[in-house]
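Each of the two complexes below includes chain A, the first together with chain B, the second together with chain C.
Entry: the complex of A and B
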């Protein structure tokens, strides 16, 4: 994200390039892409690079432009300005049926009048493959998605999960350079969704393809992707690995969009050793271990990003230490989710903080209860600063 | 509780029995009777005047003479065959015209579709008979069509369309077009646009996608539309009578002639029953198809 010149970014790559494996040019490149529908701007001057073999997620709320990005790639929409390159080739003007990119649709879009085998072989038939070769590839694909024996079924005879797998097999049959997946697991129930996520990752790894997935489900994006682009209103807010997105969000919006978070407005006071000191509204002093890229001007107002699971909830005051922050408050609400409990704690200054503890003990032995006075504590290295 | 529910179920059966089955039995009975110059113009007329013996004698007098007559005189067979031919060709023409119309309607912007649908149904607001009479005004030798073509200098002799089979085709296609368009539109409009995108994504040209996706998925509409046109067109009487000439032999007209001109109710009834038997085949096929389609939709 530090590189603003796409050429130098391509040359240097985001990861350190080893001398044995020279950094490859990106497989897909969005160059200043803008897409408008009438007066509505769906994508606004967007630059993005996606490398080969990536499992890349476009994540954002509905209407953020992620589906438009996918439709631009597939060729169902043309860019208003800018261009999209695939393997260095400009895709402008190349119709959807001539792009080496296939798509798995959200609703699966299986052809209802064709058998499973005909559906999977459809793309091959368009390319005038020989009957026997089609048969072989269809069998291979059926094995890949574990649907052997379903070749002659019609889509309406399949369960939701099976339809999803047929759709996957159909979109992979032509061995596209890029597979686009539009909310691929949206219609499945939670348990099946988790299973299918791992199946998708497995397939992607085995075939060595580039997958681009559009989703509004952050858990899904976190689980499957090698990199995530968080979008809002036609712009990319942050493009990074799931861990970086979660732990080092570039803005409070990204922090808030991914997972639960406490966003605390603070004012920087100064430095003490390696730690930044800050004051928050109540005057409480906080210690924060800054990131190398942080610009720390005393007096600057920033937002502290503090994840609930990084906060300890104890009845006794924890031991004082320079790198430990602590505040006192009253438990207002406890929500139990099985593996963890989330405590809503009202600080004496009036602010509500969300803290999460793993349920290491049975709930009956839990020492913290409703209306208890508790101490919340977290280490200086457990939180990050973003611009207000 | 029980009785009212049974009554509710019974009502349609009573309706069908009273207004369909009983009249149909009467028609069968007339078809089996002999033609006489009397009122009613057939014998025997069942009556209870002579008691049970009289009724038994009446039953004994019924025979299949009228049906044999239909088989002997080639004119009836010709009329049946010609009706089937005219109905089949008219159905095909209606399909060829109706499909593009229905397709354009289904592809039109959503806001327009209701209006377009209304326009298709609009002719029904005018009497069928009046619309056919209007076609006489258009097609006759000094009608609108010929006058316009002659004014434009395309022809200098009026085209003889009126009182030909062509006029009958024009009449049938015009009158039955909505029955073709409506089921076609219904099945075309239901097709998920994502299917065509998927086909395109997998390498189809627009035409290939139409041939492999749209056309097969609209087939239920094609079948329904064809039956809805073909079945009534076979027995059509008004259009061949008003627009066709004496050369246009159709069974509906033959039936009318037997009934009103010849006053041979027996033969007319026999013609009607044979027509019904011919129609039962496509009707049963149609029902089968609809049922299968329903099952496929799950």
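Entry: the complex of A and C
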């Protein structure tokens, strides 16, 4: 099971994660970084490389250490052990005000007593830029975030979205090597958030900067980033592209954290023509197309990761094929979300499976209804195995 | 909060205000009394003000009092700001609880005790009593009030503002000067005004710590009253009341404006959320 493909190289962690991301030297390196606060370990022996021009997301539940990572990078906290390198230079002992890293704060942290222009020019003034140069850069930044004409406003005269853009302009004004964004869109409503996500991606691409974003919102991380690091309790669980995180999670925790998922405990039975065969509690036979890195020992217990949208819901029994899995059950619940409908199907063995179908037809013409007997089917290549 | 202005509310409000302000009002009214007799109304006149303003002893006492109030309020505000920053910011350091307890102790300490202990200290270290001993004494107790006022503002201060300033290239000190101080400035100003007023009307501590040639106005007033209340004392008191009231009102106006602005910011933030 060891033919070479780009994905397995990415899993090894040295080569590009996808053809879209050409190889670049790492800009930031966390080397065995540990951070403790008293007896609490926020970051535990963590290694991570972030490349130049990446839009990198740190994703995890609150308290997982992602904000601490950011504060370590910004220089607000010092590592307890290990070190952080930027462009090969050890950042240990360099205070926040002398790091070429800027941060956009969750609360925006705009200085309330200064105008928008003064806020944006603040960092330049600290570096003793000439008045005229500051003025020019501030104008450039205002144009970048489309806030021309707002230079003389005070922060409290701005809407939330405008404050967010001023904060972005201020953190970009010094042209930092790295921009840190701490939950940058957390305070915006859904529609504005989506707009702003694209604006952020656009700015990042145009300026060619490295963005590191901290978020607990998986959709946001998936949308904006080129790579995501999923964190839990001070450790990195998986660092990969959004697609690989979603479709090839390294553990059931990652699978469960990102999106909806069915996690099914199975027992491996053997191999059959490139497909792994497995038994699932009722004895149902399953076919799974294994991944190159999978270690498949017959009798091993694994967890099957099956995304709802990969499952077909039909009233008629689908055609039998070696690479198609099917089970029968009763529709217990249907939740309609506009673009798609999610079906909760109770299998005869008692298990609840979540399946999702795009609403290609109007709901009035939907075939499947509550309490209908349905067949759930999915292809062997639509699911992956993780350790139990 | 008075929701309906009924008889009961009206009565209690009237009695409350009368209890607080009637004595002061009497002083003010009788300061405009033409008669030499303090308790007999003899027509309106401002002549006592003229007499007070031509009395060199009073003027000198007033001048000393103002200088002491100014210097001690400034000292108290600087020290109060520093201790407030230490209390709110430094997290836990050895002796923090002791320090915070000691900051607040003088607020509840009887003035006589404070005055006496300071007197003993000044005698012990051989400091000549006069202008500076009163100033130091006033700064000592006013600093506690200043510290309380400023630390309550600092507690609600968004730390990320300072982080942002550091992030943009400030040293910790310049972040404090350029961001923290301007934002908490209203609280600092009201702390100064409070300290100024406290020093202005203090009698007990000043009595303990004064020396020859440093008689403050409240001391002068008190010693004059012991020789009998004269109408010019009423005039003098009225002027003091005026200054103190102006100070207190300004302090609360500054505070209220700050509060309003903060609420505005909160509304903006809420609108953003």
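Assume the second predicted complex is superposed on the first by the 364 of 388 C-alpha atoms of A that agree within 3 Å, B and C clash if a C-alpha of one lies under 4 Å from a C-alpha of the other, contacts with A are read in each partner's own complex, and residues count from 1 in each chain.
One rule holds in what follows: contacts are C-beta pairs under 8 Å (C-beta built on N, C-alpha and C of every residue); 3 or more make two chains touch, one makes a residue touch a chain.
Computed from a prediction, not measured in an experiment: that's the story for all the values here.
Asks: Here chain A is shared; do chain B and chain C fit on it together or clash?
Replies: clash
Asks: See if chain A has more residues touched by chain B or by chain C, and give me that chain.
Replies: Per-residue touch count on chain A favours C.
Asks: Check the residue A:39 against both partner chains and state whether it touches chain B (first), chain C (second), both, or neither.
Replies: After superposing on A, A:39 lies clear of both chain B and chain C.
Asks: Going by the contact rule set out at the top, does A:188 touch chain B (first), chain C (second), both, or neither?
Replies: Once the two structures are laid over each other on A, A:188 reaches chain C alone.
Asks: Looking at A:297 after the superposition, I want to know if it touches chain B, chain C, both of them or none. Which is it: first, second, both, neither?
Replies: Once the two structures are laid over each other on A, A:297 reaches no partner at all.
Asks: Touch check for A:339: first (chain B), second (chain C), both, or neither?
Replies: A:339 sits against neither chain B nor chain C.
Asks: So chain A touches chain B in one structure and chain C in the other; where do those two contact lists coincide?
Replies: Correct list for chain A: 74-76, 95-98, 101-103, 105, 107, 109, 111-113, 122-123, 126-127, 156, 170-171, 174.
Asks: Would you tell me which residues of chain A are touching chain B in their complex?
Replies: Going through chain A, the ones touching chain B are 74-76, 95-98, 101-103, 105, 107, 109, 111-113, 122-123, 126-127, 154, 156, 170-171, 174.
Asks: Which positions of chain C touch chain A when the two form their complex?
Replies: 158, 160-161, 163-171, 174, 178-179, 182-183, 261, 264-265, 268-269, 271-273
Asks: Please give the residue numbers of chain B that touch chain A in the complex, ascending.
Replies: Contacts found on chain B: 192, 194-195, 197-205, 208, 212-213, 216-217, 296-298.
Asks: Along chain A, where are the residues that touch chain C in the complex?
Replies: 74-76, 95-98, 101-103, 105-107, 109, 111-113, 122-123, 126-127, 155-161, 163-164, 170-171, 174, 187-188
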